[in-house]
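Look at the two complexes coming up: chain A is in both, with chain B in one and chain C in the other.
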Partner chain A sequence: MNKYLYKQFFQNKVYVFSLILLFLLGIVSIHTGVTFLEKNNQLMQDATEYQEQSIQKNTAHETHIGSTLYYIKFHLFNEPNKLTALNIGMRDFTPSLKGVTIRNLEEQKYNTDFYNPTSALAGNFDFSFVLIFLFPLIIIAINFNILSQEKESGTLKLLSLQSGNIKRIIDTKLLIRFLAIISIYFLLLLTAKLWIGIALDSTFSLFILLGFLYILFWFVLCRFIIASNKNTSYNALSLIIIWIGINFIVPMISFVLIQKMYPIEEALQTVIEQRDGYHNKWDEPQKNTIDKFHNIYPQFKTNDTIFNNDFNWKWYYAMQHLADVESMKSSIAYQSKIKARNNAAKLIGYFLPSMHTLILSSELALSDQNNILAYENKLKDFHKEKRLHFYPLIFSNQDSTVENWNNHKLEKFKAQSNVSILELLLPLFLIITILLIISHKKLRKLC
Partner chain B sequence: MLKATNLHKKYDNNTALYGLNIELKKGEVYALLGQNGAGKSTTINIFLGFIKPTSGEAFINGISVIENPQLIKKDIAYIPETVMLYPELTGIENLDFFSKIAGFSYTHKELIDFLILTGLQESAHHRKLKEYSKGMRQKVGIAIAVAKNAKVLFLDEPTSGLDPIATNEFNELICKLGREGKTIFMATHDIFNATKVSTKIGIMKQGKLIQQLDSKDFTPDELQELYIKTI
Partner chain C sequence: MTKLITRKTFRDIISKKQNLFILLGVWLICILSCFINYIQFTTHAASVESHRTEVREKWENRPDKHPHRMAHYGYLVFRLAHPMSILDKGLDDYLGNVIFLEAHKQNTANISEANSSGVIVRFGVFTPAFILQVLLPLIIFFVGFNLITKEKENNTLKLLSIQGASKKAIIFGKVKGLWHYALLLSLPVFPILIGLISYSYLSTFSDILFRSLLILFSYALFYFLLSSIVVGISTLSKNSSSALINLITIWLLMSIILPKAVQYTAQISYPIESRIAFETKLEKEILKVGDSHNPNDPYFSHIKDSLLNHYNVDNVNKLPFNYGGFIMKQGEKISTDIYNKKIKKLEDTFEKQYSITQYSGYFNPMTAIKSFSIMVCATDYYSYKIFQNQAEEYRYKLAQYMNDLQIEHISNDKSKNEIISQENWKNLPDFKYQYTGLLTSLQTQLTTCSALVFWFAISLLIILLSIKKLKFN
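After this line comes the complex of A and B, so read on.
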């Protein structure tokens, strides 16, 4: 029986064309990812060279180290993993490289390389885009009329009388289509693995499993709709409406609600506070500023400088740091709101397979909001480390020659994804099981 | 082999069947005559298990169609007015596919024999169904029914649209199947063929079985006269 069902499927030129198209689009998406990784590698190399050249240039003359450090930027690279090529996610519009001086951090966080926002309008055509949006379309296209076509072409009665079990025939047809789609999926992943060199570790395995379950979800959903035994146009329309609803309408409404639930005024507030904190200090007596600084860092207290409002580097860096301190509360509040938004999106994702797949695949690929927050935190630590390294030199009025600048190379940060298998599997597994049970009952009525 | 007891079928305000009573023995060929909308197809669909009667009972081989619609499927076959099969598969592939889903796995030679039995010329066996005439598709439909080894065959307007030669071949095949012990229930408009192939004839009007006759007692002309008077 299966031989003929296979033959019928592969004799349909539209189906075969759809599969080939899906594969080609998948290849294009992998190419997008490869290009993204190459750009990032290039960026890292350029930044390494830039930092070396900048240090050379700024340390060529003997001067107060405070003056040298005014200009030198230290770079921290948010290293993507190979899997990021398959889900570029938020890295699309957040830089993977930030360079900071030891002056106030909050202002520099957002002073990044020039980026043309219009290039982000269409989003990135990465593998996750193909998986989340295009795979379901093809799945709908090859499944929506599995039963209705038999009914409308007049073969259903004969099938029903001959087999006595329409459910078995529908499931066999679905299985054939599932095998065809899943073969394309694995073929694309194999191509990605070989092309990009992704290691078959637990992260990649979870990524594969997530996509597998997502594809399975769409097949089970199609089975659920098919089992209603309605006509072809009803099935097609229902599935397309669900596709639009799940992928666009519900997520958009959810994001609006999340934004309303967690308004982030702190972003602007942080900038204002750090600017005020910094600019106002130019008009305040230096003594006030340096005392506040020494309350935080008493180890840098010295008696060799008179703070009489003439410019000096000790006061300057104290003032810079206090700007960060004054905006710290807002900065922390901003981060916690972003986390809350992210958690709310995750929660909604438990009921929306496309959102769940998108969020978790981004987490696995280190291209999600958590990765950005982790990178920001690391940047903060990195900045602090540099500050505390140079403060003793600044506060003892050293010149730039005392430092071994060769030790200051570009540094890399690589986050670890913390996706648990339960968190990944459970929502999809539950939705798939519920749909299977309901469609099973509906199909039994047909037999 | 086939029995209907006081079958009623109502669709909202329309009554399609009024207390239908029919009984057929093994090997009998029954032709149900009647105008369009008389209730012939409704009767067949109840026996096939596609429609539930409003009241009454229907049995095939002693098994209730209403209570065991799945169980009776192995004993019955259906050949509609236009046999719809898979156009991209060949005649022999269609036969093989529909036999396999019925649980029968035949050798290539056995499949050929079934098609030859129905009179389908050998040159057509490996041609795609989309190239077949209506008569050729009917023959594949009968081959599927025979290969299933069904005890009861339901035919709905089987000779409608067939040319005289194809009709004649079809009639011979039905008679042969009847002689082999198949019970055949046929809804038709064709009075001439009904007298030629059937052992019993029923005339339906507006959901009621008006007349039940033995075919051998009537010539086609006499039956036509009676039919016109009755209708």
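After this line comes the complex of A and C, so read on.
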């Protein structure tokens, strides 16, 4: 009996074709990831080289170190992990490399890398896209008529006579299909693992588990629809509508609602404040600025300095730093709004498997909003570290030769994703269980 | 006879409860998304306006100072979306909203909506355009998939032919009946849209009307094509369910698989240089011509010598104008020329990537209508480029205006710490972003326009083919 159902599946050319198609699309998506990682690697190498060149060039002439530091950019690279290849997330339109001088940070931190907005809008053909959008489609295509077709062609009676249980037939059919799809899934992951060299650590395991549950969810959903025992077109129609609802309409509407609920005004305000914060200081007595600066950094207080209106580097970098201080409120408000937006999306995701899978897998892949925020915070620390390192040299009017510039290489930031297994598992698990119970009841009625 | 069948097909569709329900549902979500987008747009426009005035006031009220300080104080310009973005947001969410303009340096447009929206921005935005371009086709497919197959299954085709309906009349009638239903779904949106968009007062009424009419016309054409595809597939398919499955497959290909595949091809074919590489090379190229910071640079010492000769003095401090300002003016000109050349190359790469999408409009009608729609709604890459170019032009003007002030009003004696009156700041006119003209857009993107014509021809071909393939028994 099972052998017959097995044969029935694998002798259907359309099914086999769609499985092959899915596999090939998966391979293309992995290739997208490989290209992405290569590009990032190139970026890192370029940055290392260019930073070295720039330091060499700017320290070639002996000048006041304050003047040298006006030009030198120190770069911090937000290192992707191997999983980023499978979920590019926001990485294609947000920079993975930022370079900052020790002048005010706010003016520099929003700078972007070049990206084509047209490409960004179309989105990446990455593995997560294949998983979230295309896997369900194929699952629907091979499942929607497993009961209705038998009924419509009149073979159902024959089958149920032989085995005596429609529910068992349906479940066996579903299981065969599930095994086929999940094999493709694991085959693709294996390919990715070998091609990209992903280590089988806890992050990757969670990533695999997430995808597994997402696929399981779609099977259970199909079972739920099939159990209604309607005709073929009804099944196709309702499953496609659900697919569009889950993958397009609800996330899109959520997106609009989140934008509306947390309007972000602070970003542009920060830009204005930071600019005025710095430039206004040029019109104020130097002493005011220096005093404010000393309130923050008393360790750099010197008694003998007299500040008239002549340009000096201590005053200059004090002005620069105060620009950051004065725009800090807006800057923090901006960050917390972004966080609030992200949390709202996560909350909605608990009820919507597609959003949940995308958000959590990008969190694992270090390509989500949290990663960007962590990177920004790290950049702030990095900037501060550099400033505090150079302030004593600037304030004691050293020239550029006193510093050992070889110590200033490209620095890398490797974020850690801290996704809890419970958060990842529970929402999908609950939805799956509920669907299973309802469809179980429905199927029992059928027999 | 065609008329009769058209009317009957249309009435049959409308009289189905399910289709009436769809009609009301589509109207509802369309109107809803119009209003949501309208509110978003007006909030955006108000915010841009208030920031713009704030920046301008601050600029004019800067105290007296050295003009070069003003050149570094610079200007902030904000991108104002076109009111047509209420209909089709296009690239809007992925575009930077503010550019800081200062002397010597071209900054990128920063802070896009996508930057702060989290990864769910990948699901896209709910706009009237999404409903009209992506959802309506699917609805048309669902409503019409059995237009011919049902007649075949019920053996009513013969009946029709006995009543004197030719194959041509049947096919045309069905196509037009379905098309009328599609128009009924979409048309009511337009008066509301035009009303809302012109209520924003950000563009002239005639401009908006003309754009809207073009959109209306193109969508009508698109739905005609879809209707003919539906009838064509329905004619060629054995039964209703295979017709439905074929149509769903076509929809999936058009809406997600092909666009992504095209995207993949474009990025692989034309890779983009990173910004750090771009800027390092830019700096090198500028230094090759001349380094205005290096006192021994051959290019600038040549200028110096010829100036000293011409004015017959032995020291730059004795020149009758500000030497530093003059050199900066030269430097700005050189660096801007080189920058413009290099950025043009980058823009060309973006355009080459986009041209793949445009050409794919000949394989995928949904891409054709999408490209046309964002072009007419001025939310495409070309409009963005024009914004960036206008901003860069303004930056150059600002920098050179300040250099001129320095040349004219500041003496060569640096110890004097000279400043000039703030009256001078007001003389620099405010940045006024000019939207791209519709005609310019149409002219630069003929590929996109002709793709629509191409698909009209295809739809006629499909109809002819269906007529040929239709069998009465």
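Assume the second predicted complex is superposed on the first by the 439 of 447 C-alpha atoms of A that agree within 3 Å, B and C clash if a C-alpha of one lies under 4 Å from a C-alpha of the other, contacts with A are read in each partner's own complex, and residues count from 1 in each chain.
Methods note: a residue touches a chain if its C-beta (ideal position, glycine included) is under 8 Å from a C-beta of that chain, and two chains touch if they have at least 3 such contacts.
Since the structure is predicted, the reported quantities are computational estimates derived from the model, not experimental observations.
Student: Clash or fit: how do chain B and chain C relate after the overlay on chain A?
Tutor: They fit side by side.
Student: Of the partners chain B and chain C, which touch A:153 in the superposed model: first, second, both, neither?
Tutor: Only chain B; A:153 stays clear of chain C.
Student: Of the two partner chains, chain B (first) and chain C (second), which one does A:256 touch, if any: first, second, both, or neither?
Tutor: A:256 sits against chain C, while chain B stays out of touch.
Student: Mind computing the angle chain B to chain A to chain C from the CA centres, in steps of 10 degrees?
Tutor: 90
Student: Counting only touches as set out at the top, which of chain B and chain C does A:162 meet: first, second, both, neither?
Tutor: The first partner, chain B, only.
Student: Please indicate which partner A:43 is in contact with in the superposed arrangement: first for chain B, second for chain C, both, or neither.
Tutor: Only chain C; A:43 stays clear of chain B.
Student: Does chain B (first) or chain C (second) touch A:11, or do both, or does neither?
Tutor: The first partner, chain B, only.
Student: Have a look and say if chain B or chain C is in touch with more residues of chain A.
Tutor: C
Student: Touch check for A:273: first (chain B), second (chain C), both, or neither?
Tutor: A:273 sits against neither chain B nor chain C.
Student: For the superposed model, what is the least distance in angstrom between any CA atom of chain B and any CA atom of chain C?
Tutor: It comes out at 17 Å between the closest C-alpha atoms.
Student: Kindly list the residues of chain A that each of chain B and chain C touches, one partner per complex.
Tutor: Overlap of chain B and chain C footprints on chain A: empty.
Student: Quick one: which bits of chain A touch chain C in the complex? Just the residue numbers, please.
Tutor: My answer: residues 25, 28, 32, 35, 39, 42-43, 46-47, 50, 53-54, 75, 89-90, 93-95, 97, 99, 107, 110-125, 129, 133-134, 137, 141, 145, 232-233, 236-237, 240, 244, 247-249, 251-256, 258-260, 263-265, 267-268, 271-272, 275-276, 279, 282-283, 309, 334, 337-338, 341-342, 345, 354-355, 358-359, 362, 367-369, 372.
Student: Would you tell me which residues of chain A are touching chain B in their complex?
Tutor: 1, 4, 7-8, 11, 153-155, 157-165, 169, 447
Student: Mind pulling up the chain B residues that touch chain A in the complex?
Tutor: The contact residues of chain B facing chain A are 48, 50, 70, 73-74, 76-78, 80, 82-86, 88-89, 93, 96-102, 141, 144, 148.
Student: Provide the residue numbers of chain C that touch chain A in the complex, in ascending order.
Tutor: Going through chain C, the ones touching chain A are 36, 39-40, 43, 47, 51, 54-55, 58, 62-63, 65, 69, 72-74, 76, 78, 90-91, 93-98, 100, 107-126, 130, 134-135, 138, 142, 240-241, 244-245, 248, 252, 256-257, 259-264, 266-268, 271-278, 280, 346, 349-350, 353-354, 357, 380-381, 384, 417.
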